[in-house]
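Take a look at this one; I'll ask things after.
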Amino acid sequence: MDANTNKVMIDRDDVVMLLIDHQAGLFNLVKDMPVAQLRNNVIALAKAAALLDIPVITTASVPEGPNGPMIPEIHHYAKHAKYVAREGQINAWDVPGFVKAVEDTGRKTLVMTGTLTSVCLAFPAVSATAAGYKVYGVVDASGNWSRMATDLAIARMAHAGVVPVDTFAIITELQQTWNRPDAMEYAGIYGEHVIPNYQLLMESYTSEQE
Amino acid sequence: MDANTNKVMIDRDDVVMLLIDHQAGLFNLVKDMPVAQLRNNVIALAKAAALLDIPVITTASVPEGPNGPMIPEIHHYAKHAKYVAREGQINAWDVPGFVKAVEDTGRKTLVMTGTLTSVCLAFPAVSATAAGYKVYGVVDASGNWSRMATDLAIARMAHAGVVPVDTFAIITELQQTWNRPDAMEYAGIYGEHVIPNYQLLMESYTSEQE
Amino acid sequence: MDANTNKVMIDRDDVVMLLIDHQAGLFNLVKDMPVAQLRNNVIALAKAAALLDIPVITTASVPEGPNGPMIPEIHHYAKHAKYVAREGQINAWDVPGFVKAVEDTGRKTLVMTGTLTSVCLAFPAVSATAAGYKVYGVVDASGNWSRMATDLAIARMAHAGVVPVDTFAIITELQQTWNRPDAMEYAGIYGEHVIPNYQLLMESYTSEQE
Amino acid sequence: MDANTNKVMIDRDDVVMLLIDHQAGLFNLVKDMPVAQLRNNVIALAKAAALLDIPVITTASVPEGPNGPMIPEIHHYAKHAKYVAREGQINAWDVPGFVKAVEDTGRKTLVMTGTLTSVCLAFPAVSATAAGYKVYGVVDASGNWSRMATDLAIARMAHAGVVPVDTFAIITELQQTWNRPDAMEYAGIYGEHVIPNYQLLMESYTSEQE
Amino acid sequence: MDANTNKVMIDRDDVVMLLIDHQAGLFNLVKDMPVAQLRNNVIALAKAAALLDIPVITTASVPEGPNGPMIPEIHHYAKHAKYVAREGQINAWDVPGFVKAVEDTGRKTLVMTGTLTSVCLAFPAVSATAAGYKVYGVVDASGNWSRMATDLAIARMAHAGVVPVDTFAIITELQQTWNRPDAMEYAGIYGEHVIPNYQLLMESYTSEQE
Amino acid sequence: MDANTNKVMIDRDDVVMLLIDHQAGLFNLVKDMPVAQLRNNVIALAKAAALLDIPVITTASVPEGPNGPMIPEIHHYAKHAKYVAREGQINAWDVPGFVKAVEDTGRKTLVMTGTLTSVCLAFPAVSATAAGYKVYGVVDASGNWSRMATDLAIARMAHAGVVPVDTFAIITELQQTWNRPDAMEYAGIYGEHVIPNYQLLMESYTSEQE
Amino acid sequence: MDANTNKVMIDRDDVVMLLIDHQAGLFNLVKDMPVAQLRNNVIALAKAAALLDIPVITTASVPEGPNGPMIPEIHHYAKHAKYVAREGQINAWDVPGFVKAVEDTGRKTLVMTGTLTSVCLAFPAVSATAAGYKVYGVVDASGNWSRMATDLAIARMAHAGVVPVDTFAIITELQQTWNRPDAMEYAGIYGEHVIPNYQLLMESYTSEQE
Amino acid sequence: MDANTNKVMIDRDDVVMLLIDHQAGLFNLVKDMPVAQLRNNVIALAKAAALLDIPVITTASVPEGPNGPMIPEIHHYAKHAKYVAREGQINAWDVPGFVKAVEDTGRKTLVMTGTLTSVCLAFPAVSATAAGYKVYGVVDASGNWSRMATDLAIARMAHAGVVPVDTFAIITELQQTWNRPDAMEYAGIYGEHVIPNYQLLMESYTSEQE
């Protein structure tokens, strides 16, 4: 049985990844999770997109001001990512060029992140869902200014039809099986970036094998 | 693309802000968030309403008794706010004058807060939703007597159709874009009242510019 | 405007209160909230039922065994409460005499509590909702063995149509207004049992008045 | 009244229990609950399945690698459990043999667990629900890599129609009544594995009886 | 062996109890513990002092202002308590009449509480220790404005020679043995005020005895 | 180098283990740690004492009353343990027979536990220290009614000269080396009772070895 | 009795206040307390120093780099504060000009803060104590990168002889009495900056007086 | 003024760094801090030792068994580190070769870490202090199985004379000043490994400079 026929799960050939406003200044506002974990989760998504050849679209909010520059790892690891500039719009879905970049891929499933969660993720996630897309909101690759704000954003997005997920869940859903030639690259992403305890398991395992 | 055509997002020309029972005594009952953050979030909403010229309606529950006086900043910063007295009703939506004040604006979108969340916000939020209004409940500008009560109130409101939001999210949704002449006034509200780390970013940025 | 015409809010003339399995042994299992607060919340509901002349039905699960006796305050403060014995059923709604006692009141709105929340409240709450009742589940007058279990029970009940509420919210919803002769009795319940800070407000206020 | 006629509650004659990926390595990744409680909750489910003669299907993800072997207690206590091997699939519902094992039971109600929650439980739970099964997801017998991931998984599963429950709730729902010959075996499971305070109650009670 | 000969433990014939600044307004500032628990702990100390016939001295800081009146239970339960007025001094040990009241008892061991802990307890506790008294600071019958402030106050007092204790510990140290005629009165204090779970144990026990 | 010559570390030939008031009722009062962990830590100490042939003395406070019976595992695993009855004394060190039982061993180093920590451990620990013994207080094998009370008890004991330790630390200090014939029995104690993750490591390791 | 004769309490005529490294960038690293509370606590100290005419010395670490500029409120409210530049030294006490500025005041009691606590406060606090000064370390006006780091810094400083205090405690210790003409200015500092609930008490009180 | 003449601060020419038992299996037991932070803190110490040319001695406990191999980064970044094997001793100070390796350096100040904190750090830290060394115990580069165990270990070590510190504090104490040619290498260590927010500050700063 092929997972692509398991219709309730994600169809990786229909996915675009949208990584929104992951900027040095905005990361300093994050209080709902450790910022090191956030940064690693974003990197993990970028690496996974490269591995799976999933289109990536990025954008930033006034990166020349206090919000700061985008973290460099995104375009470093996902060299095929396309950057769309904004003219001040807070909701990336208000940016015609951004929506067009999505439409140009011809894909209808969006894996979306945004710093801060309740604004930069929730606004375009709700907008895109209303526009007919299936949206996965990766909450622990977004980062918010308070845990209460995150709880509210999860409730808002879930009721609007966005599927709330975590980083590890969405990448494994895209990976689908360990029975693939590049399986160890996924394991590397999980261990190095998402679940540090997984790296320890692999180190112990490898050590014993030797 | 104009956000006002992005129908799933708030239409700021249709908004009334309802700030309910933000009183000194009741604030002393708040245990689900720091009371300083709560007070600042309420002030931020009042300032944003003034900036956006959004009608504001306030009310208080027995302010001459132990519940105490309304915090003075609301009417100080939102001088156009209209105060509606109550005759003991706990649910502000049970007060004919209050409902009429809303109806007089001709607007159908309510940004609502209330101390305590599970009573003074949840009751009128659920009532107004049932009466056909679109209601945004700003939970972190409300304050409740326990975190468990807040979780319950969020669940109740969300299932009744109220959109749960945080202060920063709702103001940015109203602001819509940084590409406006008064953008720095919004930045000032965020930095001074809502996200103190944002003020630090601006101070570092300004210092470098000099 | 009479709140009884505000159909989305509770109709106190249609309410039965069901207080389930509040037993000394079971209270010792409670880990999701302070047991002193739980006990006081249950007492507050019993007192409010007496004040409002709302029918109360109680039951206990094997009270002669390790689960222990029902806490005595319930029948002490709600002398009109009717106790229904069980023959081992875990879900009180499986007990014909219990359902009949509810039916005999001719009322269709249930304010329900149960220790432990995810069993003794959630089972009859979901069952009664399926049977056509409107059910308010008072989660912080129930008590559960872990906070995670409570979160799961809230999600389960909310999706099944139960309205999750806290003790203070449901009593104030029943009280409806401070403009009633017995208003101070409500204040006494809140201060003595539900929100200890409220008692402090009243003490400071009274002291100044003198 | 027989609970089996109380249609909203679980029908124990229609249940299959699916215990997925409870492996030593994966347990070391669990951060949303104490791993000792997790292990005991899984054991409790295995024991309850044996007591109730409910079919059990197990599976493991690459158990010869870093994920490690399945904890031995499952097949020790549920000797009738059937193990289905996988060929790398992450979502157990992608495994034809696994789905067939479920279909072979002729039952349509699934009590499901999986380590890690947001992957090994959520994926098959959502898939099976889409395939027409009634699914109970036992979150505190699953274990996840962060509490935030668990919150997201609960929201995702609940919105997809999965019923989120805790271990104690699902076993008592299956037990249905204390008025059965093997009642003390249930009590033993609760005290020894799920709620340690319950064992203390029984010890005090027994001591007094003597 | 008589505990009074166990010199390292408290000598109850040498004890004075000092209950400082337990006022309604100040209690509203307490954030390091539930205020209901604080109030009950103070009541427990007052009752214990009455039971043991230990001298009690109370004082309040500007009780006619925002700090509010002393909670009435102290003098209600410890009718022999002596109240000493202040003339604005923050450190009660700066008040000559207060020190004289202590000296008049001829006792040298002080059981001391004060709201807020880091000021109203720590200042006189450190002062009295420097003056040669043995001081027990009952931290969980004091209450402070932040948990961090409490940690700092414990460190400060401990290094100054104050013995930091909790309410249950100090009363049991004074009680010394259950082999005394009034033992059940102590049990009543613990169950009703200090450890609510203890009351549950007694209720279950008594129920079985019957 | 023999650790027994490393004078600052414990000398296992000089140790007596005192396990005080580990009773079913009192365990139900414990709120500073999971009671399952507490029970397992006490069991671990009993097993370690048997393994190391260290004398064990136990006692209980009014075990025929609400405090309940001692948990049976202590004397089950440490069959050589000597039980000393009390006549109501709260501080076990006030019991002549208890002190004599210690003196009869001729040993001067005490590894001590007691439920509740700030009373049943702290009182005899401070008393024995004053009497010239070197005392290790095993705080996480004791259990207390609040975390704040535990913090206070640690501060009190440490300033009185008691060495505060955790269960794993004290058993490993007694074990001293893995280079001993019974090393796997220690590993079993740690994995089964103290650190559940350690058991997982061993299961993964053993699985690979095969 | 004059507190200045109560030698164990602070002698305000001997105090210098040292406010170290309170810079916008460094504040963004603070994770052990809300940064808004930290900023307000520092402001409170600056205002108190002005009120009491206590010398203030400030310094900053590489303020032209990423550490950012000093927050402007310090010199705004304490206009008499003297700024001492550094040449890269991390420990301000390594700066000859800084030590000389302290010596020039002729005072020997230091009220000291520093961001980050375990470096910018702990290093000069320990150094100055070793140099013979009496040092009060105001931990909640310092801010640190983790709560664990703060716990370690408190332990280190306390064992080195530094007196650990919180902001409210040290200002009230300097204020000494409410019986002074400028008492309301102190109340204003506490309410506006340190304990927001105190402001609420004053507002309720004033409202009633009117 | 040279910090080396500020005798209370660390003398970097007298330091040896001891990194003990940082093994993959043991890291999986760590519950008192995020394991990613722990691993990065250990890496930071190794890099700092290389930068400062401080001798490093490592050891591991039965690395061929379930405890697992040492994390490879230590010897990768501190190539001059000397590894000392053990023969089963739990306390590294019981290993003659380990003590000799320390003595061979001729240095008397030890910066020490160990997984798990209350055993692998606390035992040798206390032993070395007793042997006349000045010991800094870096608690957040050690990792422990429970937060309570860490609190106990801090108390034990502090009372034994060990100086408890955090990773950032000890490296900055060794760095001493930003006025050195290799200052940016320190900044890199802090940003990349210890305080992720620091890296964000530097990225924003650099971006603006351009």
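Read from first to last, the chains carry the letters A, B, C, D, E, F, G and H; within each, the first residue is number 1.
As a convention for this text, contacts are C-beta pairs under 8 Å (C-beta built on N, C-alpha and C of every residue); 3 or more make two chains touch, one makes a residue touch a chain.
Source: prediction; values computed, not measured.
A.B. asks: Using the touch definition from the top, list the chains contacting both chain D and chain H.
C.D. replies: Under the touch definition, chain D and chain H have A, F as mutual neighbours.
A.B. asks: Once the Cα atoms of chain C and chain D are superposed, what angle does the rotation have, between 0 and 180 degrees and to the nearest 5?
C.D. replies: To map chain C onto chain D, rotate by about 90 degrees.
A.B. asks: Using mean Cα positions as chain centres, tell me which chain lies farthest from chain D.
C.D. replies: G
A.B. asks: Can you give the whole-Å distance between the Cα centres of chain B and chain F?
C.D. replies: Each chain reduced to its C-alpha mean, chain B and chain F end up 54 Å apart.
A.B. asks: Mind checking the centre-to-centre distance between chain F and chain H? Centres are C-alpha means, answer in whole Å.
C.D. replies: From the centre of chain F to the centre of chain H is 30 Å.
A.B. asks: For chain B, what residues touch not just one other chain but two or more?
C.D. replies: 25, 28, 66, 68, 151, 155, 197, 200-201, 204-205
A.B. asks: Which pairs of chains touch each other in this structure?
C.D. replies: Taking the chains two at a time, the touching pairs are A-B, A-D, A-F, A-H, B-C, B-G, B-H, C-D, C-E, C-G, D-E, D-F, E-F, E-G, F-H, G-H.
A.B. asks: Name, in rising order, each residue of chain C that touches chain D in their complex.
C.D. replies: 25, 28-29, 61-62, 65-68, 87-91, 93-96, 99, 116, 118-119, 122-123, 126-127, 129-130, 145-146, 148-149, 151-153, 155-156, 159-160
A.B. asks: With touch defined as at the start, can you tell me which chain A residues reach chain H in the complex?
C.D. replies: 24-25, 27-28, 34-37, 39-40, 63-64, 66, 68-69, 71-72, 196-197, 200-201, 203-204, 207
A.B. asks: Where on chain E does chain D make contact in their complex?
C.D. replies: 201, 204-205, 208-209
A.B. asks: Flag every residue of chain C that touches chain B in the complex, lowest number first.
C.D. replies: Residue list for chain C touching chain B: 1, 3, 6-9, 32-33, 139-140, 150-151, 154-155, 158, 163-166, 168-169, 172-173, 175-180, 183, 194-195, 197-198, 200-202, 204-205.
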